[in-house]
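Next come two complexes built around chain A: one with chain B, the other with chain C.
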Partner chain A sequence: MLGPTDYLLWFLTAFLEAGAVVCALRAKCFGRYFVLGVYMAAAFLLTAGRYIVFLHFGFSSDQYLYFYYYSDALLTICLYFALMGLYFQVFGEMGAKTSLRVAAMLLLAGTALVSYFIIDSSRDRMITRFVVELSQNLYFVGVVLTYLLWGAMLKLRETRTRLIQLVLALGVYFSAFAGCYALRNLHPEWQIWRYVSHLMAIWLPVAWSYTFLKIPEEARLATARLAATRSR
Partner chain B sequence: MIAALIFVISIATLLQFFVSYCRSVIAGYTKQELSLQGREITGIENRIVRAEEFQRLLQLLGLCPEPGTDASDIRAVRAYFKLLSLARKAVGRLAPAVADWAERERRTCAYFAAVALDRRIAYSRELMTQQISNV
Partner chain C sequence: MNRWLAVVVIVLLVLASAVGLRNVVNANGQTPVVMANGGGPIPPTPWSNGGGPIPPTPWSNGGGPIPPTPWSR
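So, the complex of A and B:
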């Protein structure tokens, strides 16, 4: 059964996801960060979709379970496109768009295939297990890709504050979810995941809304000051 | 085994990204020098502020009218400061280098609070000037 906290976190997530789209529109940067806006809109629609499936079939139903995990995998793939959008922002001026597109598609297909073959080798396990493992792997590849992007930004001395904050917020989100899914794989019996995943889902819309509203496009920052291992 | 490895790597990257994110929020403030009036009120002589001053500066911030632009920054930095204090206490004896790093970060947070206070004081003065000119 769901308690008031679950409902509160659910509605809050949907509200913040829609809010992030509104903030991007209000800051007049929706076009520039179009893929990020589309991701947030998709996240809002799927959060609403999950609620509708929950109302019709209940929280413990197979329908809800399947819808939750498959919509999560779909959202992660959308987030890949959002990440690619950020790659294009960083490398766009270097004329590497086509190579980036091909590399991203190959990586995505490769991750899905590897996850499928891992699960296919142990057929006695449930199909939902595949989705949890797929999500864990997708999020982890997301962590690696975001880390590579951040490394490239440090190397290229990227100074656009808005872009820096969008990438770092995405890095926090990917890392938190990858870690959470990995621990969930290790301890599937822990019930706390339900709250943790909701709380983590709040992070990205809040951080992106903040960046869209508070950081002007022309704001600049020395990236070298931000490296976590660097002392001031 | 793979899940355990992913977990460890993810936590390490999470910390790196989070620290860099917080630094990017703070960086907008630390570029700024404190005004003369800000220095007089806070009692801060130069750019080095003791980490212990952070709470006092936050209390002073609470006394100033909010311009409505810095509340989320202050909340984020307060959370970062708490995390750093926790890290310093937790691993301070085992890893003195981490404790030193956390202390430097805490000092930067304190400087952030001083600049935020300075900005609020400037905002209050502006409000007062406007009120006087309206009378």
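So, the complex of A and C:
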């Protein structure tokens, strides 16, 4: 059964997700980072939805089980588009928007296809397996894409501090996910896994709220500017 | 033409890297399910209930005929 820590982390996650949307609105940057805001709003709504389903049907019910996994897949797709939104912010001025759109859709379709081939042999609960598999594969696509984006930002000497913070927060999130996935594989018996997903879900809204509130859009990273000047 | 080929190559590289990374991380082949979007405790997956018996699902009601699922009509 669920303990008080589960409930506390659950409510805290919902509160922080709503807080991130409010912070983006308050900093007047919701339009600029629209996809990120939509992801946070969707995360808040689905977290609340999970709680409602949990209240009505219970933790062990099929309803909660299916609602949880399907909503997670939906949120992972939203997160994928949020990451693509950051790509647009970095590469948008280089006139690569059409290529990025095509690449994003091709990658999503390719991930869905790979997920389908992985679960193709299992006839039982195929759609649910597909949804979970797609979700897990998209997480790993997110890991690779975030590292690629960070590499590109270093190469392009990106100086927009807010954008750098947003990408780095996402990098920490995806790296933590990959690390947890590996460690859970090695030590599935550890009880800590029960709380790890909560803590990972808390990280993104906290980091993004801080970025929206504390770092102005016009802030630039001085060290990158210095490095650029030195290399001339 | 070259530009679109480059896009396809990059997409395939990212996809291969992601699937490869997942396979490397998933060394002993148990494929855990880790979810980190939104709040709420993770329920067990219907197909990985430890060593115990799998509980009945809406489409496997004991020995009776299996009703059609909504998505396979």
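In this section, the second predicted complex is superposed on the first by the 195 of 232 C-alpha atoms of A that agree within 3 Å, B and C clash if a C-alpha of one lies under 4 Å from a C-alpha of the other, contacts with A are read in each partner's own complex, and residues count from 1 in each chain.
Heads up, the rule we're going with is that a contact is a pair of C-beta atoms (placed from the backbone, for glycine too) under 8 Å apart; a residue touches a chain by one contact, two chains touch by 3 or more.
Only a predicted model underlies this, so the values are computations on that prediction, with no experimental measurement involved.
Undergrad: Looking at the overlay, what does A:Y68 touch: chain B (first), chain C (second), both, or neither?
TA: second
Undergrad: In the superposed model, does chain B or chain C contact more residues of chain A?
TA: The partner with more contacted residues on chain A is C.
Undergrad: Please indicate which partner A:S175 is in contact with in the superposed arrangement: first for chain B, second for chain C, both, or neither.
TA: The answer is first: A:S175 touches chain B but not chain C.
Undergrad: Quick one: classify A:V114 as touching chain B (first), chain C (second), both or neither.
TA: second
Undergrad: Taking the superposition on A as described, I'd like to know which of chain B and chain C A:L134 touches: first, second, both or neither.
TA: neither
Undergrad: What is the contact status of A:A27 with respect to chain B (first) and chain C (second): first, second, both, or neither?
TA: A:A27 contacts neither chain B nor chain C.
Undergrad: Return first, second, both or neither, reflecting whether A:V143 touches chain B, chain C, both chains, or no partner chain.
TA: both
Undergrad: Between chain B (first) and chain C (second), which, if any, makes contact with A:W10: first, second, both or neither?
TA: second
Undergrad: Just checking: does A:N185 make contact with chain B only, chain C only, both, or neither of them? Give me first, second, both or neither.
TA: So A:N185 meets both chain B and chain C here.
Undergrad: Would you tell me the residues on chain A in contact with chain B in one complex that are also in contact with chain C in the other?
TA: 136, 139-140, 143, 176, 178, 181-182, 185-186
Undergrad: Considering only the defined contacts, which chain A positions touch chain B in the complex?
TA: Interface residues on the chain A side: 136, 139-140, 143, 146-147, 150, 161, 164-165, 168-169, 171-172, 175-176, 178-179, 181-183, 185-186, 207, 210, 214, 219, 221-222, 225-229, 231-232.
Undergrad: Would you tell me which residues of chain A are touching chain C in their complex?
TA: 2, 6, 9-14, 17, 43-44, 46-47, 50-51, 54, 59-60, 62, 64-65, 68-69, 71-72, 75-76, 79, 99, 102-103, 106-107, 110-111, 114, 124-125, 127-129, 132, 135-137, 139-141, 143-145, 148, 173, 176-178, 180-182, 184-186, 188, 193-194, 196-198, 200-201
Undergrad: Taking the complex as given, what residues does chain B use to touch chain A?
TA: Listed in rising order, the residues of chain B that touch chain A are 3-4, 6-7, 9-11, 13-21, 23-25, 27-28, 69, 72-73, 101, 104-105, 108.
Undergrad: Which bits of chain C are touching chain A when the two form their complex?
TA: 3-4, 7-8, 10-12, 14-15, 17-19, 21-22, 25-28, 30, 32-47, 57-58, 71
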